[in-house]
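Shared between the two complexes below is chain A, which pairs with chain B and chain C, respectively.
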Partner chain A sequence: MAEELIYKNEVSTRVEGYWYLVGKHLKKHKLAIFSIVLLSVIILLCVVGPYFTRYTMNEMGNATTDVLQVPSLKHLFGTDELGRDVFTRVLLGGRISLLVGFSSVFSALLVGIIVGAYAGYYGGILDTVLMRFTDIMFSIPVLPLLVVLSSVIPGAGVWKIVLIIALFGWMTDARIIRGMFLSLRESEYSEAAKAIGASNTRIIWRHLLPNALAPIIVSATLGVGGNIIYEAALSYLGFGVMPPTPSWGNILQNAQYAMAIAPWLVWTPGLAILITVIAFNFLGDGLRDAMDPRLYR
Partner chain B sequence: MEKNEILVDVKDLKTYFFTDDGVVEAVDGVSFTIKRGEVLGLVGESGCGKSVASLSIMRLIDKPGKIVGGEVIFKGEDLLKKTEEEIRKIRGSEIAMIFQEPMTSLNPVFTIGNQIIEAILLHQDLSEEEAKKRTIELLNLVGIPEPERRFNQYPHELSGGMRQRAMIAMAISCNPDLLISDEATTALDVTIQAQILELMKDLQKKIGMAVLFITHDLALVAEMANNIAVTYTGKIVEYSDARSVFKNPKHPYTYGLLRSVPSLLFEETKVELPAIEGMVPSPYHMPQGCHFSPRCPFATDICRREMPEIEELLAGHYVRCFHPVKVSKEAI
Partner chain C sequence: MRTYLTRRVLQMIPLFIGVALVTFLILSLVGDPFAQMLVNPRIRPADVARLKHQWGFDLPIYLRFFKWFWSMLTGNWGLSIFAGGRPVIELVSHAIGWTLKFSIGAFILGFVVAIPIGIYSALRQYTIFDYIFTGFSFFGMSMPTFWFGFILLMIFGLRLHWLPIGGVMTPGMESAPFFLRLLDQAKYFILPVVVLSFFGMGSWMRYTRSSMLEVVHQDYLRTARAKGLPERTVIVKHALRNALIPIITLLGLALPGLISGAMITETVFAIPGMGRLTLNAMMNNDFPLAMACLLILSYLLIIGNLVADLLYAVVDPRIRYS
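And then the complex of A and B:
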């Protein structure tokens, strides 16, 4: 009986899990919630929208009557110089732009995690080598090199753009993760994991990485927005996604020739990029605040 | 399994730290043996190399530290000669460890159950289901109520005492032969401390594991240990069975430690609590001769010149001192 009593005292009151708390704090961040809703709508529109529009991507209208139409009920965003429906093309372009944004962030993150985790965990020479390499990659002027690379690497696929953007996007992640691992490897649970006989690889991937998740998620969220911009810039310069495959960047580029007489062609892809990137940035900001460990420790 | 079989035989273990400010001899020629099912208490002030000694046995010393000499014979084999792969198989299965800080030794992002299951699956060939069953058994064994519910809780949802119980469950999950408890109860408050100690004593008898019990708290060792090794500045200064050390301390340091334990007696007689004068010397500037000599009331010239060797003063009672204390503790 007495023992039972002692046990009862030892049981602490129930505390909610970390992700529940993150969600709770995120809800207070109105802009972030608004961004989530906005992004969901944009992603949903881009993914399922094209199935419901009346036009296909490259369907051209009548050469005289359907070219450069002002937005109307028939063509929500008007038509371009070939008489294609801009609404359909912006939705399809969104698919490509978002795909590039997400997959380049994902690939960059993979490289960044591997480089950062091993450099931070092992330290010493490996750390020096990997981090100096990161520094070198950082000091390369990216945009000109992106342009050069995209003309040097053969092929015109979307994956080429993903590869090129990822190639120059992993360094920030690597630095963040290295910093996290430098402190995590000194943690007592890292030592405790060693004491139960876990291998270094296991400690890195299973024990420490989940603890570094918060900054990774924030960085990834902000990264998607940044990489959409990169894709747009590359496509705008004519080195990105090749027409007739639409992306927000090359729709924009395509539009500039007719800008003086058909400004709506610039407005829609431009706004799509702007809104999406801003939404990702707000969301990243909100996540950073919500995941701030100082709120929970 | 023979009762008197020597399980661990640490011989002249030396672990040094090579820092920018110089070499720190954290563990300098420590030797002791632990028999199967026996409890050895390793006692000393903070910074005298107790933890480093235990980490050296597990081969968990990181740079700038290095094990520079000695042998750790465990079940007849030298752990210091094993490959990283081999030692990893021993860690957690044959030698387990409980750390000082139950608050931070558990990974905050995994549930208690998950972490114990991992320790089990790393060394035992069980299915997830069996491991889960075993985990709940273990949680029950270490006195965690409602183990099924606790299984799915995160460390931050448990109190310090509960977490330490979970750590113990993890440590004993593979029935280790040796359990190293590194100040395992220090961070807990006294009532919980007593419970955890009781639990460890209980489990030690049930499982029959040997325990290396590291602490700075003499009262705890008295509760737990068969033998006691008192360390000072990386060296063992006195080593004997618990009774002899407590009743008949021979080294002035042990003598001083035992005298400085507060008791209600002092309250009544209004005598000031005797303390050991001075401080533990800086690891970078060890005094010449016996390291304890600057603080020792009995020190003579030879103490300041030479480091005494550890000698068997009485049968089984080893002391590192030129002038062992002659009075028994009761005479104080």
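And then the complex of A and C:
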């Protein structure tokens, strides 16, 4: 029986590489696939949608007839206190929120990879110094410092928010990658690469990093959702993306003052955040299951 | 065990100093709080210079750090610059009470709901209950705290008028009899506690579920069943006790989220707690107050993590620390 199985595997012409197998496992995870579809729709809507809506971002309607309108066919999500179409603003806000989510994760990952990889690979003093610094950063409550940094760093742009979220978001990645590198540097192929004279930099980036990719991808996927919430929280406190540029966070913040008379202003941007973040969490969960090393032992 | 304990406690000292240094440096980036007074034509520059000297902002930064850190250690936390010059220690001790009250409530509510449900979904893996609760936990993890607060406020405060929409007690209740005051405050705390606990509930549920699932597939459970123990004993005595061990680490893991969650919740519900105090101090560039708040929160985090680690070591006899 066992011999038959081995035989079958050998005659299979398809080379089943790691990523092929991951894809295969992911396909079975219905929620993850659903999330990919949902996220694609959301991203497409936010990127392309605003070109097709009837209103522009800051277009204000008639001061008496278009202010604080309930959702209708004319204004799908109603209008806000300035008579702006909320549907258009939620789509445009989605662009900003998703941009902040993706780019802050990317930048944080870059820092995390560099810190974690060098600490794990070289060990010794460098490891101690970098990891103690990571511990320190981990022990400081992030939110108040984000508030401080957003008043220190000049400008009010989206990139400032990306920068400050990234500045305090790299620690988890750094720890994960360090852990991976600690074991990876002892592997045979790392030794083999050293034996043929590859430089340390080359070993880190070309040989070890691709093998530490699985947990990084999972943490990045979950991170996009987390950072969208961070941006919203910062905006809520008044330190996020500055109006009139809309983001899901500041549309919500704006909505709280009209909460008693215009509840629809609160529902739609919040639901947009919730659905997007849930999709990222489901996808991350599916990826974690699909990339679980215990599956491929 | 004792050596492990001493080592961990000693390791905390550089962490304490490092945290203080990093927060001090970041806060110093904002510049000294008196600089903005120079813009005001009604304040003489000489007065600003005198104030700067009085508060010690004219010293070089390393001297300032040492002076500040030493006085923090000796219990002299200074005066708040903007809250009418009141002592920092008084403001903090007043605020921390409120925060503790509702965050401990949230912590307990979160655990009481999350752990049994987590265990139940693990035992009934892939049933409809499991799917419902898994969906619920993802909901909890993905919900922006303040939005959830808004919605509860809208429904229970503005629409149904069941609960107050913010604050900590009805005006005039300060001198009411103890029991009435407690009832009054409970009314104000329901929404914040629910909002804050919802934040952690989802991830704790997932964590408990996966920890329980890990144990359920162990060989010793099969052995316990094979020797004829009733299912109840197998689950409670053999599975649960082992599954609960990793959950202790949740105690430490949950703290950072609880602190930032508390900040947002306090802002939404206008609770005059630590989070509000810290954020206001930061926004006003109230250096002594902001530093004291940040330091307390970070030290709470560090100590919480240590306690979780130590508990883990105490509870799990398989772990031997040398």
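Quick notes on this structure:
The rule is short, and it goes like this: the second predicted complex is superposed on the first by the 282 of 297 C-alpha atoms of A that agree within 3 Å, B and C clash if a C-alpha of one lies under 4 Å from a C-alpha of the other, contacts with A are read in each partner's own complex, and residues count from 1 in each chain.
Methods note: contacts are C-beta pairs under 8 Å (C-beta built on N, C-alpha and C of every residue); 3 or more make two chains touch, one makes a residue touch a chain.
Every value quoted in this text rests on a predicted model; they were computed, and no experiment measured them.
When the shared chain is aligned, chain C comes close enough to touch A:273, but chain B does not.
Applying the stated contact rule after C-alpha superposition, one finds that A:192 touches chain B and leaves chain C untouched.
Of the two partner chains placed around the shared chain by superposition, neither chain B nor chain C is touched by A:154. Comparing chain B with chain C, more residues of chain A are touched by C. Within the superposed three-chain model, A:211 lies in touch with chain B and out of touch with chain C [touch as defined at top].
Contact with chain C, but none with chain B, is seen for A:252 once the two complexes are overlaid on the shared chain. Of the two partner chains placed by superposition, only chain C is touched by A:135; chain B is not.
By the touch criterion defined above, A:237 lies against chain C but remains apart from chain B after alignment on the C-alpha atoms of chain A. Within the complex formed with chain A, the residues of chain C that make contact are 14-15, 18-19, 22-23, 26-27, 29-30, 138-139, 141-147, 150-151, 153-154, 158, 256, 259-260, 263-264, 267, 278-279, 282-283, 290, 293-294, 297-298, 301-302, 305.
Here chain A touches chain C in the complex through residues 132-133, 135-145, 147-149, 151-152, 225, 229, 232-233, 236-237, 252, 255-256, 259-260, 263, 266-267, 270, 273-274, 277-278, 280-282, 285, going by the rule given at the top.
Those residues of chain A whose C-beta lies close enough to touch chain B in the complex are 4, 6-8, 10-12, 14-15, 17-18, 123-124, 187-189, 191-199, 206-207, 210-211, 213.
Interface residues of chain B facing chain A in the complex, by the touch rule stated above, are 58, 60, 63, 88-93, 96-97, 99, 101, 104-110, 118-119, 122-123, 143, 145, 154, 156-159, 161-162, 167, 170, 191-192, 195.
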